[in-house]
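There are two complexes below, and they share chain A, which is joined by chain B in the first and by chain C in the second.
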Partner chain A sequence: MKIFVCVKHVPDSAAVITVKDDCRIDNRVTHIINPYDEHAITGACQIRKTCSSAEVVALCLGRDTALDGLRSAMAMGADRGILIRTDQDHDAMDTAAALKAAMDRDGGPDLVFTGKEAIDTNGGETLFRLGALYRMPAMSNVVSVVLDRNQADIICEEEKGTRTEFEVRLPCILGAAKGLNQPRYPTMPDIIKSRKKPIDILDYADLDLDPLPAATRVVRLTACEEDRNPAQLKGDADQVADQIIQVLKHQARVI
Partner chain B sequence: MTQTYDAIIIGAGAIGAPIAYELSKMGYKTLSLDKTHDAGEGSTAGSCAIVRAHYSTEDGVATAYEGMKYWLDWENYLDHVEDEKGLAKYMNTGSILIKSQGHDWKKVQRHYDAVGVTYEEWDNDQVVQHVPVVNMKEYWPVKRPEDPAFFDPPKKDLQGAIFCPEGGYVNDPALSTHNTMRAAQEKGGTFIFNVEVTEIRSQNNRVTGVTLSNGTQYDADIVVNCGGPHSFKVNQMAEGVFEGCNIKTKALRHEVMHCPSPEGYDYLNDGYHMSDGDVGCYYRPEVGNMFLIGSEDPDCDPQEWVDPDNFYSGKGEPGQNNQLTMGQWKAQCYRLGRRIESLQVPEQPKGVVDLYDCSDDWIPVYDKSDMDGFYMAIGTSGNQFKNAPVVGRMMAELIDAVEKGQDHDNDPYQYTLKYVPGRVIDMGFYSRKRQINYDSSFSVNG
Partner chain C sequence: MKKTGILIEADKGIVKPSLFGVITYLHQLGLTLYGLAPGMDAGSAAEQLAGLGMDKIIIVKEDEHLGMNPQHIAAGLAQAVVQAGITHLFGLSSASGRQILARTASILGAPLMLDCTRVDLERHRVETTRYSGKTRAIVEFSGDRSVFGMRPNFFKPPAREKGPAPEVIAFSPDPVDTTGICFKRTLASQQNSVDLTEADVILSGGRGMKTKENFSLLHACAEHLNAAVGASRVAVDEGWVPYAMQVGQTGVKVNPKVYIAWGISGSVQHFAGMKTAGIIIAVNTDENAPIMSKCDYYAVGDLFEIIDALTQKLETGSFGG
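Now for the complex of A and B:
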């Protein structure tokens, strides 16, 4: 069983983002694996534990620097990596086509994990476009996966905490959400082991993709200035505690 | 109208606040000025606030050991002042100095014996008994993960450690400085924030006061530079002062990482402060059961000397600004990961980036200057937070003595420690005129 995990190398959410040429971000900031993809890798590795013949392949479309992200994915448990090397930014249609081409070259997937979205563009499109290209079921916000041979019971979280359970036949595309698992971060022995794992590098141009009938292009990127208006909670300790409870209940809605 | 004070202290951080406190206690009418919005909110807030005795010089050990006594008796030191923010807490974890090629631990041990520092020698088994997550293999020399040799298996064992039962960290360095400000205010000290000194005025080589960027002038016969990473800029404002220093200071960018403790290990409550020169790191517990991992400045790591104004305003290229870098995140976490194989290293860097006010030999300058009435407590080099209360007293006494006529350059002030019996610090040790002290570790270890 071959499980592909599509990972994206994205700017660190804690980085200060600057816009260059009005249409792209300065890529020199610290990059990390898209955090939702960490759940995808962990989910794929958990399935591999229950299926001895399973192989987890981390797949990434990105610049040379994305090799670091693939190394991290392998330290987290992926068996090997594939980088589709490019110097360009690609839209979701193009990305899905490139990912599919690379997977097909590698024998095709039995299961594909992605993050539910990437934190740089928050598009959440690529997994559905992959599903469309493959004519496979695609589900996002996945919080539970239970495999039984070529069938899977999937739970997806909807808005406002509601959940929907699906029964799907493999192969399928799953967009991992935070609730799927607690990512297992690598220890030094994992990191040392991952250094021996292979990464294949394909050039995007060598994939010979058919021209797409349509494409999107970023014409302007504008930094969003966020107004922060912190409020100070005043009063004695009991009053402040009451106010915190109200904030958690009614604003954050976490209790 | 120009206001007049006895002494103006530029900077209300870890060093400036206790100087203001001690001068106020001695009856000086003090004014503290700071660019930030509150006491300790500059580079002090980014301090790891480690309290440990080991230094590369005997006077360094003695001063640090003296400082520990202040932290252990914090309320008394503050004369029981009330602070609406609460009091900072000294967390006495005990301090483990790994015997390694990364530290001249035999020299440190000699200094401990000379000063009377309480310590125990532990063999490797005792270290593992106290810190069950570590292995005591040797990884020296310190390397970066980009170097394939970083991942080579270790071949030798370490030689144990020196354990000081006294040692640990202060839980909130900014709060401790705020506490000291409140204590200074109680003794009559004045603090003004969100102001920038742009001129140091003098007449006939005697300081007369300072001028702010908004044009406000304050007069005083004494001005003390406690500008932290801005110290060299402040010295440059005072005519002839910068040029009169043989030891110069510069702002050095530094990253400190927060990495979760291994599963099942309560580092926050059971852990020790550890100095581990074998992997070029020091570490201590941090809130959230984290390992706070600092770097001991191994030779293989780049040094980023930056303009402090650019740094604090978020300017500068990646690696020179106030953002953590993936390269250093991996370097520091992976180094600790060699010592603690069960340490899980997250993908996203978490920690603190701030500046050291670094001197040429990583030993501070606590001194007068070539301008009468202008003093400096600078070049703290990331290793003086623990000494701050001592420095406050030491500088106040030095200033008082010089103002009363002592020729400190030729007859250095001798500071008698209050808690380490019979120990006198020759303050010429901290002179701006000294030659570079090659006994120094030339690192954050001082």
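Now for the complex of A and C:
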């Protein structure tokens, strides 16, 4: 059984984002594996335990620096990595096509994990694009997976915290949410071991993808300014509560 | 004229209030507007959507056994879009809207832009955000069809006037094989009755809440405000509340009119999830917490005393004008 985990190398959530050329960010900030993808890797490795012949392959479309992300994925348990090397940003449609092409070259997936969304673009759409391209079931916000022969019994967490159970036929695409597991952070021996694991590097251009009839492109980026002037609500608890009610009632008009 | 569709999301048959502002915004752009209402009752849809300037409502019929299958809903929606000749499909960037729009866009092979605050169909551009709200972005799109998720609570709802109800037609999609996904059951919801992404008021608790049990104080207060309860990462990591309630970069992004942060220090990651709130009120014992200098109102004090006082006043209605 071959389990692919699609990971994205994204700017650290604590990084200060600066805009360059009005349409892209300064990429020299610290990058990390997208936090949800850590849950995806952990989920894939947990399934490997129950399945003797399973292999976990971490797959990433990114710049050369994304090799660090793949190394972390392997330190967390992936058996090997594939980097589709590019020097550009790709939208979700493009990304899904590239990920599919790379997986197909590698024999195709029996199961695909991704994070439910990436923290830079916040789209959560790539997994559905993969589902459509492969005509495989795709489910997001997955918080529980149990494999049962050729199907996965899963639980998805939806708005307001509602949980829904589905049976999904394999192969399928699953988007990991935080509740799926607690990622185990790599120890020093894990990191050393991961250095010996192989990474294949493909060039995006070598995938020979057909141009897509639709695309999205960021044409302008501007940093958001913080412009609030804090005012103190003074007094005892009772007085503070009164002032909060005044704001709710007269300024926000919600009561 | 461009034919545009808008996905009518309803919760237990009630159209989501955030949609009214979006419909009005699109109407003002001078677009022909078709409402696409999966599985809704025709009479109820016409009544709830009257007077908003919509041209038609298409009730997308669902197979009653498959109505809970998300792929079935998206497949029906995609067929309705093609059948009606819709070139631009809009919806809400709500928790559920994002998924259904992403599925539909994937079936149509159409670009998807989420969290939009402005659209310019002439120039094929939208305004949205990138890097978790740290930057505003103008995104250009191409293709024969496009799909847009509009930011909930951003577009001002109209003053409703009695207007004509739009014509309602029914559309029965061809059956599509969605047997790869089989809905089993919904497990009882443990918390909010109001969706965080659509709430007007959010009461959010952080480290200062101290225990799981204390969150019931926020829920009790929230009931009087029709508010949703959120949490910081610390509170979910401690296991005090479920992950679904986390507001922040690795949680839900929210746009309420009022966000009250109880005992939350206000990390960069937390701000990424709530910085678009209309008014931010912070209550904390530590006057040097980062949130105190990035909010609209702050109070230094014991949050439990203040919640108690607030709940009591809301309960008894003992707050004058």
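Points to keep in mind about this one:
To be clear about the criterion, the second predicted complex is superposed on the first by the 225 of 255 C-alpha atoms of A that agree within 3 Å, B and C clash if a C-alpha of one lies under 4 Å from a C-alpha of the other, contacts with A are read in each partner's own complex, and residues count from 1 in each chain.
Basically, a residue touches a chain if its C-beta (ideal position, glycine included) is under 8 Å from a C-beta of that chain, and two chains touch if they have at least 3 such contacts.
This structure is a prediction, so every number in the text was calculated from the model and none was measured.
Legend: residue contacts after superposition of the two complexes on their common chain; A:E159 is shown touching chain C, with no touch to chain B. Legend: residue contacts after superposition of the two complexes on their common chain; A:Q243 is shown touching chain C, with no touch to chain B. Of the two partner chains placed by superposition, only chain B is touched by A:S72; chain C is not.
More chain A residues lie in contact with C than with the other chain of the pair chain B and chain C. Once the two complexes are overlaid on the shared chain, A:F128 sits against chain C while remaining clear of chain B. Shared-chain residue A:P35: touches chain B and chain C both. When both complexes are overlaid on chain A, the residue A:P186 reaches chain B alone and has no touch with chain C. Within chain A, the residues touched by chain B in the first complex and by chain C in the second are 13-14, 35. Listing the residues of chain C that touch chain A in their complex gives 68, 70-71, 94-96, 98-99, 102-103, 105-107, 109-115, 125, 129-146, 179-187, 189-197, 200-201, 225, 236, 242-246, 249-250, 253, 257-258, 260, 267-269, 272, 275, 278-283, 292-302, 305-306, 308-310, 312-314, 319.
Against chain A, in their complex, chain B makes its touches with residues 151, 260, 314, 317-318, 321, 323-326, 329, 334, 337-338, 341-350. Interface of chain A with chain B (complex): residues 12-16, 28-33, 35, 38, 68, 72, 76, 183-189, 191-192, 195.
Those residues of chain A that touch chain C in the shared complex are 11, 13-14, 17, 19, 25, 35-36, 91-93, 119-125, 128-129, 131-132, 136-141, 143, 153, 155, 157-169, 172, 177-179, 212-224, 226, 228-234, 236-238, 240-245, 247-249, 251-252, 254-255.
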